[in-house]
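What follows is a pair of complexes built around subunit A, which joins subunit B in one and subunit C in the other.
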Partner chain A sequence: MNASIAGALLLAARKLLTAFIQLLVVATLIFSVMYIMPGDPVLLLLGADSNPSPEAIASMRSQLGLDQPVLSQYFVWLWNALHLDFGKSLTNGYPVANYVMQNLPRTLELAFAAIIIAALIGVPLGIAAALKRGSMRDTVLTSIATIGISVPVYIMGTLLVLFFSLKLGLLPASGYTDISRNVLEHFRKLALPALALGFGLAASIARMTRSSVLEILGRDFVRALRAKGMSERRIIWQHVLRNAAIPIVTIIGLQLGNLMGGTVLVEAMFNWPGLSTLLVGAVSARNYPLVQGAMLAIAAAFILINLVVELLYSLLDPRIRRKRS
Partner chain B sequence: MIPEAVLRATRSQPSFLASIVLLAAVVFIGVFGSWLAPQDPFLLNPQIVNQGSSTAHWLGTDEFGRDLLSRLLIGVQPTLLVAIGATVIAGVFGTMIGIMGAYGRPLIAFLIMRSVDIMLSFPPILLALLAVGFWESGIFSLSVVIGVLYIPHFARVAHAATLQVSRMEFMEAEHAMGASARRVVFTAILPNILSPLVVQATLTVAAAILLESGLSFLGLGIVPPEPSWGQMIGTARGYLGQNPMYVIWPSLLLALTVLAINVVGDRLRDILDPRLREE
Partner chain C sequence: MLEVRNLSIAFKTSAGLKSAVRDIDFTIRPGEILGLVGESGSGKTITSLGVMGLLPPNAVVTGGEVLIDGVDILKLPPADLRKLRGRHIAMIFQDPMASLDPIFTCGDQIVEAILLHEPIGRANARRKARELLEKVLIPDPDRAMRSYPHELSGGQCQRIMIAMAVACRPRIIIADEPTTALDVTVQKQVLELLRELNEEVGAAILLITHDLGVIYEVADRVVVMYAGDKMEEATTADLFAAPQSDYSRALIDSMPSLGREAERLPVIERDPSGRVLSVRPEPRVRPASSGPIPAEADRPLLEIRDLCKSYWVKPAPLAMPVEMCAVDHVSLSVAPRTTLGLVGESGCGKSTLSRAVIRLYKPDSGQILFKGKDIAGLSDKEMRPFRREIAMVFQNPYGSLNPRQTVAQLVEAPMVIFADDDAAGRQGRVRSLLEAVGLPATAAQKYPHEFSGGQRQRIAIARALALKPSLVICDEAVSALDVSVQAQVLNLLKDLQAEFDLTYLFISHDLSVVEHVSDTVAVMQRGRIVEYGTAAAIFGNPQEAYTRMLLDAVPTVGLVRGGKEAP
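And then the complex of A and B:
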């Protein structure tokens, strides 16, 4: 008993350390973006056309800390980032952290809504297809899923807009209303982007669910249970689905992590002011601190979600805990 | 042996045959699109903007009165070039890196595979966005950017396959014969890991098409007036009310193409790697 708790803690600690190192490496890469990418932020800030004097350039450079050695700039940036200070936006001097904190919950909300829709559709369909493998139902469901993963999310979104906004006039085609202002309007505007993302994900979740249920159904213990005369319903509900749940939950979790950046097209087409929208705007404005802050937030959210999924995974499956400890 | 199995699959599975025919047609249009186009795809005609289909313009016209069918036909080429270019880049470098990660010195192998893991922890579209946001966008740069982004995916597949092969007895025999590292890689490893790499290549072509069209959709990919399907969908979105078919045609073609690649990829996996076969 004690040994297994110690093993679980050890595993958790190791995963935590890995995630931290991963975050550190990603942060380093993001920092170096500023030096790899073309364009001088100082000239950009002063306006290259206005032909700024060398003194103005030098003073701006020291104001931004760009006259320091690269290594010390790096450590200062990293130290500040650890305290959630990502510097100030080049265009208006507003703290980048405020932008990130404002937009992060919106991306999270969209991602969670999409993943819930996807799981609610994908898991039952995948199970239904696997239980009647090779039947007409299986063929139809599998074909729909293959079509579903082939339709790009922005085509799905456009079709939804065509149907629900233009034809039926039921839902707004794009935009965002803060939940504090109007709750109903908030969710009406969330509906189409979440559905557009959710449908594609549902297809891949259905495919994964089908193959993991099939995999469990083929195991020896299922044959043993059948030989024992256990009812098919009990075998499926108590044994097959419980075992298949582990890979399914993992896939859903990984998809959620991917959505942190994967919402970019949907956010753009529905004017959803999330993290990707922030990033796209910052990239085209060459607003480096904002680019770095948004990218770091996306990467951190991705790494954290994956960490939670992995910990959950070992919680769900005691075998993994025991094997590694 | 493999072509025979493919031939057999085309006979028994109509969806596979249909997908191959469709892809062959797409490649044909990609090569000969500008000859096939019934009208000048760049000719502006302000009198007939956003019209539905007519005898003069079978699929209607776009927001500048250009012939939609002609633009759809020549819009295949940039997408295909980017997809193939990206897949070649990802395939060559990813395979090399993956083999090194499995077969190279332990420290180098460790460093390589950890960097692959880290690169995989970023959604490709975000990195692509960053790259094309800062650099010039065009067929060449898009191929390079997308290709580089899919190197880690290839590397991981090649790595796993090489590890599997290197445990086999004939590898021991190669070493016992004193074969050079180059000989081992080219005559023992590469031929034996080809199957998963071919499957990965089809997946990468599909992913590259989606990525290119996504970037073009955002206005960051193929630069107008040169058309690509993704870019046409992005533009057409502004005219959903006036001419809904403008968005439907490129969407339909793009989705069908990706679907066909996915179907072929699924079947190829079944044929090339019987261990993964579901049925």
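And then the complex of A and C:
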């Protein structure tokens, strides 16, 4: 028992280290991208139209630390980033970290809500389709899933708004209310964007669940369990689903990671003030520190989610827990 | 006790029902071991699944009865049938590792099997599970209880399966190829265990196997099946002394058997519908090489000196990696136009050795002298001319042929790679190669899936011969084939050796086959060659304890040899 706990801890430690290195690489890329991109932030900041004097440019440069060698700028930036200091917004001097801290939870909330909806719809549908493989039920469910995957999120969003807010008047069409101000209103406004995001994901989760359950059902040990005299229901719930869960957790985790950057359309459409909204605004305003901060936050969230998913595997699959370490 | 009467089973296909098993009858009496023997596709597994009521969804029982104590279980409602399973009839499967759920500990799985039929409480069930593990003689039962299936060996997993099967003291145990996936020494232990439990628990055993040797050593009576029909039912002694049906006789004759020398194995002749016509010694139809024996005949074609290859493995998650010598100072030599048989149990390093010879792996140290030149340290580019000279035939003819290529493309591929001949010349050579391996010329345009396992192995052999190699490495080349097909392929390999002056490195776990084909034999254990000599010396007078143990474990039919008593 001790060896297995030690093994699990060691595995966790290694994954953590890997995650940290990944984050470092991403941070370096983000920093260099900002250097490769055209446009001088100083001119932008001073207003290129106003024809600023060379002295003004130079003083602004040294004020921002841009007169330092690139390498030292990089380390300063990295060091500050490690302390969650991403600099100040170029437009209003407000700390970038505050923006990120304010908007990141909103995007995370939206993504988690969407993924929960997707799993709640997709997993049961997939199981239902797999258990009646080749039947009418399977065909209908699989077709719905295919359609679900093919419908773009903005069409799904529009349809949802048309139906739930314009026709039934049940839910607000867009906007955001902070949870501290009005809990019910907060979740009412969360519902439609989360559903719009969740439906498409539900479809791909359903398909993955179906094929995963089918694969496990075809394995030898399921036949052996039947030969033991176990009921079909117990075989499914105790053995098949636990084995099938491994690839399902993978796809849910990957999708959740993708959602971190994939909420752009939905956030824009439903006027949800999340990280994507922040990032889009910052890019068009060439607000470099804000872009860097937002990108780094998205990447960190993505890496963290993947880390959690990988650690979850080893809980589900003893073979990974001991063999791969 | 178990009586199967006129059982017929068919598969549902788009063209209607396709009969798989026709009018099978047999009876198992209490305490008896009944062998059910047949080649792949004979319907033996589907019969056993029919008896358990576990047929796959595309199979249906089209007639007959399966009576347990006079009750036809085919007419029982599913819930009642389920209560019989595990409690009255238990089953042991071919692949023990795959038959256990990978994410539960073995202990939990046995406990679960006990609690399904005997609600005696978890703690009692655990105690009982541990007792069962002791009964099946698993080393360290406590560790086995908390191990996951992948942490145990195949033999240990099969013991777990057996413990589970006998947990509720069933009256019938169906064992479907229980030892096919195991090494001979482990097979012997598992068969002995089954025999003991059969006596102790008193359960009747239906033993399904393709291996006549296993039947001979364990079964009381035998049912022989072929292509869905029962060919014969007899006591084991009667079957081997005087087989009644042509097919049984053919099956017994075409099996290479330890200590029975034969230049060629008889093969089964069938009519176009697949019925057995007769067994005949297959005459040599191909000419032997007419060329003079090469001058360097006395010099070995392949000589291995002190070859080493190791891997780094971690024994435990936190441990430092340790060196595992897969090939440990191996020295061997093979004379031209002879066959060196390399035997050993799984994991002994024989495949690593063969892959080092063909330089798929770079050896750590030592020499591989091929025609006198050391190829052990050559770069990929320097190795290229030697690749023409050394060919390989793999175990699984289903996996080693690209399903998207026609036979002509497959056999031609090596010539294309080495830019041999023009297109027309290559086509001609493909035709003559197919003829040499006994395939019709029409085969060239077909795809691998249109052929049986034996025919596919012929295609693989034709491909290996495409560049006129001098050394052919056969890595378990006949292990995946049925006995009668194996006989044909072995005959073919011998013919081709004479016709094309081939030298074989023949790797196999099957000692009977190795004895049949080899001139010299090397016995490998844990990376080392423990015994090496002429086939006659190794099999007639083994010196090493390990060799004797291997030979002793091989189930043989009706022969006394090497101090081994006839059962």
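One rule holds in what follows: the second predicted complex is superposed on the first by the 325 of 325 C-alpha atoms of A that agree within 3 Å, B and C clash if a C-alpha of one lies under 4 Å from a C-alpha of the other, contacts with A are read in each partner's own complex, and residues count from 1 in each chain.
The rule is simple: a residue touches a chain if its C-beta (ideal position, glycine included) is under 8 Å from a C-beta of that chain, and two chains touch if they have at least 3 such contacts.
As the structure is a computational prediction, the values presented were derived from the model and not from experiment.
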A:243 contacts which: subunit B (first), subunit C (second), both, neither? second
Which superposed partner A:269 touches (first subunit B, second subunit C, both, neither): first
Check the residue A:132 against both partner chains and state whether it touches subunit B (first), subunit C (second), both, or neither. neither
Touching A:14, do we find subunit B (first), subunit C (second), both, or neither? neither
Intersection of subunit A interface sets (partners subunit B, subunit C): none
Residue positions on subunit B within touch of subunit A in the complex are 15, 117-118, 121-123, 125-126, 129-130, 133-135, 206, 210, 213-214, 217-218, 230, 233-234, 237, 240-241, 244, 247, 251, 254-255, 258-259, 261-263, 266, 278-279
What part of subunit C is in contact with subunit A in the complex they form? 52, 54, 82-87, 90-91, 93, 95, 98-104, 112-113, 116-117, 146, 148, 150-151, 161, 164, 316-318
Touching residues (chain side subunit A, partner subunit C) in the complex: 1, 3, 6-7, 10-11, 219-221, 223-231, 239, 242-243, 316-319, 322-323, 325
Interfacial residue positions of subunit A with respect to subunit B in the complex: 22, 25-26, 29, 33, 37-39, 134, 143, 146-147, 149-152, 154-155, 158-159, 161-162, 166, 211, 214, 258, 260-262, 264-265, 268-269, 276, 279-280, 283-284, 286, 291, 295, 298-299, 302-303, 306
